[in-house]
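Have a look at this one before I ask anything.
Read from first to last, the chains carry the letters A, B, C and D; within each, the first residue is number 1.
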Amino acid sequence: MMKKELKIKSNKTNQQKQKRTNPLANVFDDFIDFCQSKSLFMLHYCTGCGAIELPPAMTSRFDMERLGIQPMVTPRQADILLVTGYVSVKTLKRVILTYEQMQAPKYVIGICSCTVNGGMYWQSYATAKKLNEYMPVDVYIAGCMPRPEAVLEGLNRLKNNIKNDRKEQKGSAWKDYYKNYDYYLGNQQNLFGKEWQTPVDVIAEAKLYGLEGEGTYGENTKKLKMVQHPLLPQEMKL
Amino acid sequence: MSLESLNEILNKINTIKITHKHKRRIRVDVKADSLTTLLELIKGQASFLHLSAITCVDWIEDNQFELVYHVWSYEENCLISAHTRIDRDDAKFVTVYDLYKPADFFERDIYEMYGVFFIGSPRMEKFILTEWFGMPPMRKDFDSEAYVQETFNWTEYNPDWLQELSDQGGGIAIKPEDIRLSGTLHNKATHREREKAKKEHVVGKGWKS
Amino acid sequence: MSFVEIISELVLMPLIAFVVGLMMVLMMRKISARLQRRIGPPFFQPIYDIVKLYGKDTQVSHGLIHDIGIVMAVGGYIGAEILLPVPGMEGIADKGGIITLSYFLMIPSLGMALGVGQCANPNGSIGISRALTAMLAYDIPFIIVVFGAAWHYESTSLIGMIEYQQANAWGIIEMPFLAIAGLFALQGMLGKQPFEIYIAPAEIATGPMVEMSGKYMGGLFVMQTFQLYTAGVLYASLFLGGGESWLDLLPKAFLVVAIPMSIAFLFPRYKTEDLIRILWKWPVMLALIGLAFIL
Amino acid sequence: MRPENYQAVPLGDSNEYEIFIGPNHPGIEGNYALKLILDGDTVVKGTTDAGYLHRGFEKLMEGRLWIQNLAIVPRICVPDPAPMEVSYSLAVEEIMGIDAPIRAQWIRVLQLELSRIAAHLFTFGGHAATTGMYTPMYWGVADRDLVLDLFEDFTGGRVYSIYNIPGGVRRELPEGFLEKLSHLLDYLESRQNDYDNLLFTNQIFVQRAKGVGVLSKEDALEYGVTGPNLRACGLAFDVRRDDPYLIYDQLEFDIPTQQKGDAWSRILVRRDELFQSIHILRQVIAKLPSIKGPIRTAIPNPLSWNVPAGEAYARVESSKGELAYYVVSDGGDKPYRVHVRGPSSMHAVQTLEFLAKGARIEDVAQIMFSLDACPPEVDR
């Protein structure tokens, strides 16, 4: 696996969400944004050490539920993906699968310094260094490991971002995954090999929800088209 | 069982070297072909039931792998470390799975980390590194840092606050990669490699000097 | 009763049920928080959750049956609400009676079974088979209790039962054994520990809910509010004399729901076969003794 | 190429089907996976899939200075990091032929036992949560946090303290620390009744845990099981007593055992151990003020510190079992080889597979948590 000249990610397509003309609809959208910021279901993928500070943040002492955040079990139900610590290459594949199975709007929080740039495992052959090369990350909580207060602070920041979503486009990093899919796919292919594919057809989803951008297609997606085969259900037998 | 009778049992093996490190640690050096006999003996006659660990050490200079079997006896309260050396180029050894079941885990671990094949071990397959296709990473000639440098781009972390700090003369004045490349803080080469450098004889891609 | 009145009641009754159910969900989460020595969610948390889930931008459907399953799950309870008389509103309760109501209460489980079946997730399949087993287990004591109550009040109409209790004594005084058996069945019906076998996150990753996202999950959250309301009001109507006014009924309903909630967070769950053994043994025995007293 | 979890594997004409538990599943401790083949509710075969937490620790250590390695050793087992530091320091000290001063050894015991209490409080909650009871988890983690506060007080770190150093400990205890510790122990003892009522005498929990994951004494010895899991099978073996390190031979403590070897015995052993640790800490509190002296033996400048050639195998009793570091030095400024023998590498792989076979799916999670497996020790 040789390092390729990575295409520098083009500046994010920061189109403002179109203001609706109906004032009631605006109020409605605001209300939904407000509720989304007040209720967050999180999936904590225990990828590393940082996971040990989540139980204190969730349980009696710091009590995350008073902020409207509660743990969920499967990616389908969750809104936030907490990546708690270094991601080894083997884990990263599962993290990406998990991320793609989540339903938008979805947010990613990278906890611990290791998700920022490899942290103290900078030398390690087994861990991926920067999480935001493989998926858009909303908030990083640095520290080794961040204290529960820091985790709550990071979650609060995410909540603020979501509330001001439409005004400042902060909480919508997930759209970037659709709009710049080629970039993320390229990084994934560099690490996992040319045959890499996931069960979720991201390009089809981007088409369906109207989230295509300039960066959705590119060389890497062409490579993907060559190897992609749809996931067929198992044959039914009686 | 007294120490003497234990010594007696150990001395049944030819060409054995026994070192008593302290009361509860005995180091034993044996030839590779008599290692299983030794383990059978101490398990059968001196109740060394617990295989604590199997360690592999890569002595690249001698072109040998050292296998260390740490065996503990619940009755003697004594740990025997049986050392043996095998050839590094043709890294094969006999399994001790039929004597000690935990050997399955350790042998599999050594197989994928060092590439030592254990004949007769039940699961000689990938376990931890299922998604790794390079050379066994724990071998000394695998350079983890070089691999990282050519696979990941992780160094470009220069946030504004750090820049401000270093402009003011504080924070991290020298970038981490400069420290590592210039070797100002510590010498990167191991002692062994320094010895080698003295002889002007550098093997492998190793550290770019 | 005029046609307009009936229509307005049919709309209002589920609506009230939803609002009261939201309060019950909040109460449940607050009780758990208190037992676990923490603060718990803010007041409007249940409504935030539901609005958030319905406001999701993308969702995955696993097919038509998956959609229909959720509609059945919510619809079954909405059907049950309009058969459940509350102060000032009777809906179509005089047409249905308690037998119809108990049939309606089975529809959600069956709907979930259909919907989850299409997801083709093994965890979901295990979960739903457990849910149906649990339904089988708690329905036996439930049916005996319902039968006993109907025999005692000499009516299968909930309106008649409530009138009888308000004229005479409460059901819980006249039929204590049946009332206790009813509490057991209630715990099973709500699926709370120790009878929470089909959610079981550590075992089968929330079973039926495993593939539910966005609006589907929202549907299940709505279903939960109806479920709590139905359980509370039904039990209050059967054994606690219903209510002459909302001020009378609501405390009773909340009290009834609070009992299983307080128990739930102090116990682990049974295994499936233990659950059946327990539910077919003690509540059934109690219910039969209660039945013997009133026959 | 999709990861393995996504390939549908037809299993022929049998009724068996495959189910994955993990790597992201509430019934799995940490980032670890179990591939189960089920027939109905019963597990026909369980295969573990590790490596999700692999960082190549042993390789990393070979590339860092002796002193730098202190920063990464505790990360091998996250819930119980103190034994890692102590074990590594002991191994290096043995190679160097030095001993930590007596006062440092007492302080190390204090740290080890506090860490054990924290780890066990964590385990109770996890074990109870697999059976659907969440309240012990909320209580246990909150009480563990009080222990972490003390850690922060005297080591500076909440979880990873990096407090030990070959030759001693880094800092003297802060003033008034022993009183604080004494208060904490009083509090923990006062909580005993609550935990007993909630968890240890809870009839439904007892019913769930009894007879699950039964490990006979012979099997336990054969599979290399150590620590509380071994003591739950009836063998009173404890590294602290039978292969004493530090000043454990001067302390008085019992080794709690149980006979049945099931999940219930294992959690009971841990409960008793928690109170034994409190007992040990009380002795430390009584004795420590009378022990004066340095807390550190002088070591050379850590940045150019060559440990003489040699090897050592240092064993420590962690909360999971026998933890050992095998350290080899070639006389350089970096270790030549460090091998970590984590207790969970035995529990979480072969023993778990052995116990999962024939178990019911609802018990698999409980078996894993009752073994108190710590996946990073497997992956390293």
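Going forward, a residue touches a chain if its C-beta (ideal position, glycine included) is under 8 Å from a C-beta of that chain, and two chains touch if they have at least 3 such contacts.
Quick caveat: nothing in here was measured; it's all calculated off a predicted structure.
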Any chains in contact with both chain B and chain C?
A, D
Contact-richer chain pair [A-B vs C-D]
C-D
Averaging over Cα atoms per chain, report the distance between chain A and chain B in Å.
38
For chain C and chain D, what's the span in angstrom between their mean Cα positions?
43
Can you work out the whole-Å distance between the CA centroids of chain A and chain D?
32
Can you check how far apart chain B and chain D are, centre to centre, with Cα atoms defining each centre and the answer in Å?
23
When you check chain C against every other chain, which residues touch at least two of them?
36-38, 201, 205
On chain A, where are the residues touching two or more other chains?
59-61, 73, 90, 93, 123-126, 192, 233
Can you list the chain D residues in contact with two or more other chains?
3, 25-26, 51, 54, 56, 59-60, 63, 138-139, 142
Those chain pairs meeting the touch criterion are A-B, A-C, A-D, B-D, C-D
Chain A-touching residues of chain C, taken from the complex the two chains share:
29, 33, 36-42, 44-45, 47-49, 51-52, 55-60, 120, 201, 205-206, 209-214, 217
Chain C partner contacts - residues on chain D that touch it in the complex
17, 19, 25-27, 41, 128-135, 138-139, 142, 198, 202, 204-205, 207-208, 360-362, 364-366
Chain A residues touching chain C in their complex are 31-32, 35-36, 38-39, 59-61, 63, 65-66, 68, 70, 73-74, 76-77, 79, 103-105, 205, 209, 233
Enumerate the contact residues on chain D facing chain A in the complex.
1-3, 5-6, 8, 10, 13, 23-26, 30-31, 51-56, 59-60, 63, 71-72, 75, 78-79, 122, 125, 137-139, 141-142, 144-145, 148, 158-160, 376
Per the contact definition, I'd like the list of chain B residues that touch chain D in the complex.
24-25, 49-53, 55, 57-58, 68, 70, 72, 74, 77, 79, 81, 100-102, 104-105, 113, 127-131, 137-138, 140, 142, 144-145, 185-187, 190-192, 194
